[in-house]
Amino acid sequence: MRKNRLEAFSDGVLAIIITIMVLEMKVPHGNELAALRPVLPVLISYVLSFIYIGIYWNNHHHLLTAAKGVSAAILWANLHLLFWLSLFPFCTGWMGQNQLAPVPTATYGFVLLMAALAYWLLQRAIILQQGRESLLASAIGSDWKGKVSPALYLVAIPLAFISTWLSNGLYILVAALWFVPDRRIERALEKHGD
Amino acid sequence: MRKNRLEAFSDGVLAIIITIMVLEMKVPHGNELAALRPVLPVLISYVLSFIYIGIYWNNHHHLLTAAKGVSAAILWANLHLLFWLSLFPFCTGWMGQNQLAPVPTATYGFVLLMAALAYWLLQRAIILQQGRESLLASAIGSDWKGKVSPALYLVAIPLAFISTWLSNGLYILVAALWFVPDRRIERALEKHGD
Amino acid sequence: MRKNRLEAFSDGVLAIIITIMVLEMKVPHGNELAALRPVLPVLISYVLSFIYIGIYWNNHHHLLTAAKGVSAAILWANLHLLFWLSLFPFCTGWMGQNQLAPVPTATYGFVLLMAALAYWLLQRAIILQQGRESLLASAIGSDWKGKVSPALYLVAIPLAFISTWLSNGLYILVAALWFVPDRRIERALEKHGD
Amino acid sequence: MRKNRLEAFSDGVLAIIITIMVLEMKVPHGNELAALRPVLPVLISYVLSFIYIGIYWNNHHHLLTAAKGVSAAILWANLHLLFWLSLFPFCTGWMGQNQLAPVPTATYGFVLLMAALAYWLLQRAIILQQGRESLLASAIGSDWKGKVSPALYLVAIPLAFISTWLSNGLYILVAALWFVPDRRIERALEKHGD
């Protein structure tokens, strides 16, 4: 029961984050096609963030499927993850309204990195609760995606001062890695017939 | 179970889209009735978008009733649909704040068209998952509304440069076509006694 | 099942309306207590609207409890009600930012009136669906509150041009009438042992 | 059933409050790291408010677990609590955008105080409904946290005119007191095997 409410609350927050990001796309003053040009980078960063939140929403769901109940650690690890995700609209707007300038692009990468770490912490909290023979621990296995992603963000952040296109390329690459929903947890659950 | 969460998340996003559109109706500075005049076209475009989101919410619900589970394709086809619908507040505000000027009206039609295609893709993804004897495929039949709507949008977009009233008339016509909730899927489900 | 989703969607929209109204309370520029003075009328109109949405949320819940299923008429009557309620943030902001000036106060009353009519229409749609021996029809009985409220709004709207305090007094009076949750429907349901 | 809807509605409102607060972090105009400096105090007050809403969400859930049904008093006590919590985005933004100036800091404390009183009122309303041998009453026991918190707010409000850092220190202290989820109610429920 408590898990259901945690899921519902998280779903609500994620649904709001993914939607209010669009408010950063300010209605342009002109009414010509040219008036849309400054909106374009905001739209591009919006698309990227939309996909990221979509991925987090999907994986978050899988992660909680594996959890049995909600400990204080899980509760706060979850809110901590939502906190970093809630900074997406701000970072998306800042990066987009500055034509993908270096500092906003690096800041965007920093928030991506923190969200990835928060996700990892939530994963840890659930495994800790399940104890030694954690189903989740065996399901995620070596978790190479979870290890490669922060590494790529760490490369992308300083890279923003050389080329923001390369940074954004790396952000897109990580999104592509996670694009296909992760079926590890589902499969492990099915095997246990639970 | 997973379908429930997809529905709940989609409902949340649609509820937010339909409500934050009203934020584009900026509180006027004067306190006379005349101060409401520039708000009027925004209100009109808000009403149109409100009806469109209402229609999508209703049909989306029927569509998912027919789905058995959630594949990766359905998941992303659904997020893709939500993405285009999330651009409604922006387009509604742009069209309304420019007294239904040609380019914003055509842009609005473009987003309507993309949402219609996204809806069709989601329908495809569900049919694909159900395989050959898809209940949904037989329920929607020839799907004339689904074919006529994009065609009408395609006509309405260039028409905006001749008369924005004609374009908006076509947008209203399509909304009217879909206004009565679609009972095809319900009926097909009832027949199968499921 | 369909009714559940209608309720959940309506709850979502009402939760968003009640919360985004607070966004009309713009953060003042000064940091002295005097800077809060222009916010005060916005806060007052926010409190009034908050109570109104609270009342609608509560009664809406009771009304739907009585409905058996969702017809097309109920669906659109419900969206129609949500539409008028969604204009509350705009009207609340306009009235509040203009120190309760006559035209914004009358406009606020007009939206209250339309919401009351929309609520009555929704009630009608549910009774119509239930047919002759409608449980809801007998539960609401003479519905004196439902008849007195629009009458009071109709008085309050022109009164705004004489004294906005009297209009607002009437708005508060109607809210007070409905403040105690309506137990008629609950009692009728209990009697039927359903 | 009614309790479920009250919970769902409250969850929705809390999810929106916690998320729209981030809208007060206006995207800065510059694209240098220095442009983030004025955002910093807003971010800090956002973090504090995020934790507070997280704590309220968690405790609110526990409180309602103990309630049997929803009386009119509970309904309005709950909306009253949500009202004060809905003022968090405004106060957070005001405090943050003024570098934690005295009046905004004291106002923030006042809203914290009112929210604490509203929470206490909701607790009272539930105990009243349960009658003499209230499970909730025995679960919360002496409720020292519930008594100490308002006292600390009362100290922090005037203190803001001496040092806003001390006030904010007290706000953080209260948050720390409540950080660990309250297990009293859970334990009492478990004992009763309910």
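We just call them A, B, C and D in the order they show up, numbering each chain from 1.
The rule we apply is simple: a residue touches a chain if its C-beta (ideal position, glycine included) is under 8 Å from a C-beta of that chain, and two chains touch if they have at least 3 such contacts.
Please read these numbers as outputs of a predicted model, since none were measured by experiment.
**Student:** Quickly list, by label, the chains bordering both chain A and chain D.
**Tutor:** Both-contact set = empty.
**Student:** So which chain is farthest from chain B, going by the mean of the CA atoms in each chain?
**Tutor:** Most distant chain from chain B: D.
**Student:** Between chain A and chain B, two touching copies, which fits better, same or different residues at the interface, with half of the numbers shared as the threshold?
**Tutor:** Chain A vs chain B: different; shared/all numbers falls short of half.
**Student:** Given a C-alpha superposition of chain C onto chain D, how large is the rotation in degrees, taken in steps of 5?
**Tutor:** The C-alpha superposition of chain C onto chain D needs 90 degrees.
**Student:** Express in whole angstrom the distance between the two chain centres, defined as the mean CA positions of chain A and chain B.
**Tutor:** Each chain's C-alpha centroid was found; their separation is 27 Å.
**Student:** So the centre of each chain is just the mean of its C-alpha atoms; given that, what is the distance between chain A and chain C in Å?
**Tutor:** Computed from C-alpha means, the inter-chain centre distance equals 38 Å.
**Student:** Note the residues in chain B that touch 2 or more other chains, in rising order.
**Tutor:** 8, 12, 16, 20, 23
**Student:** What's the contact topology between the chains, one of line, ring, star, complete, other?
**Tutor:** Its topology is that of a ring.
**Student:** Among the chains present, which pairs are found to touch?
**Tutor:** Every pair of chains in contact is listed here: A-B, A-D, B-C, C-D.
**Student:** Which residues of chain C touch chain D in their complex?
**Tutor:** Answer in residue numbers: 7-8, 11-12, 14-16, 18-20, 22-23, 25, 27-28, 31-33, 35-36, 47, 50-51, 54, 57-58, 61, 179-181.
**Student:** Could you list, by residue number, the parts of chain A that touch chain D in their complex?
**Tutor:** 2, 5, 8-9, 12-13, 16-17, 20, 23-24, 72, 75-76, 79, 82-83, 86-87, 89-90, 93-94, 97-98, 101-104, 107
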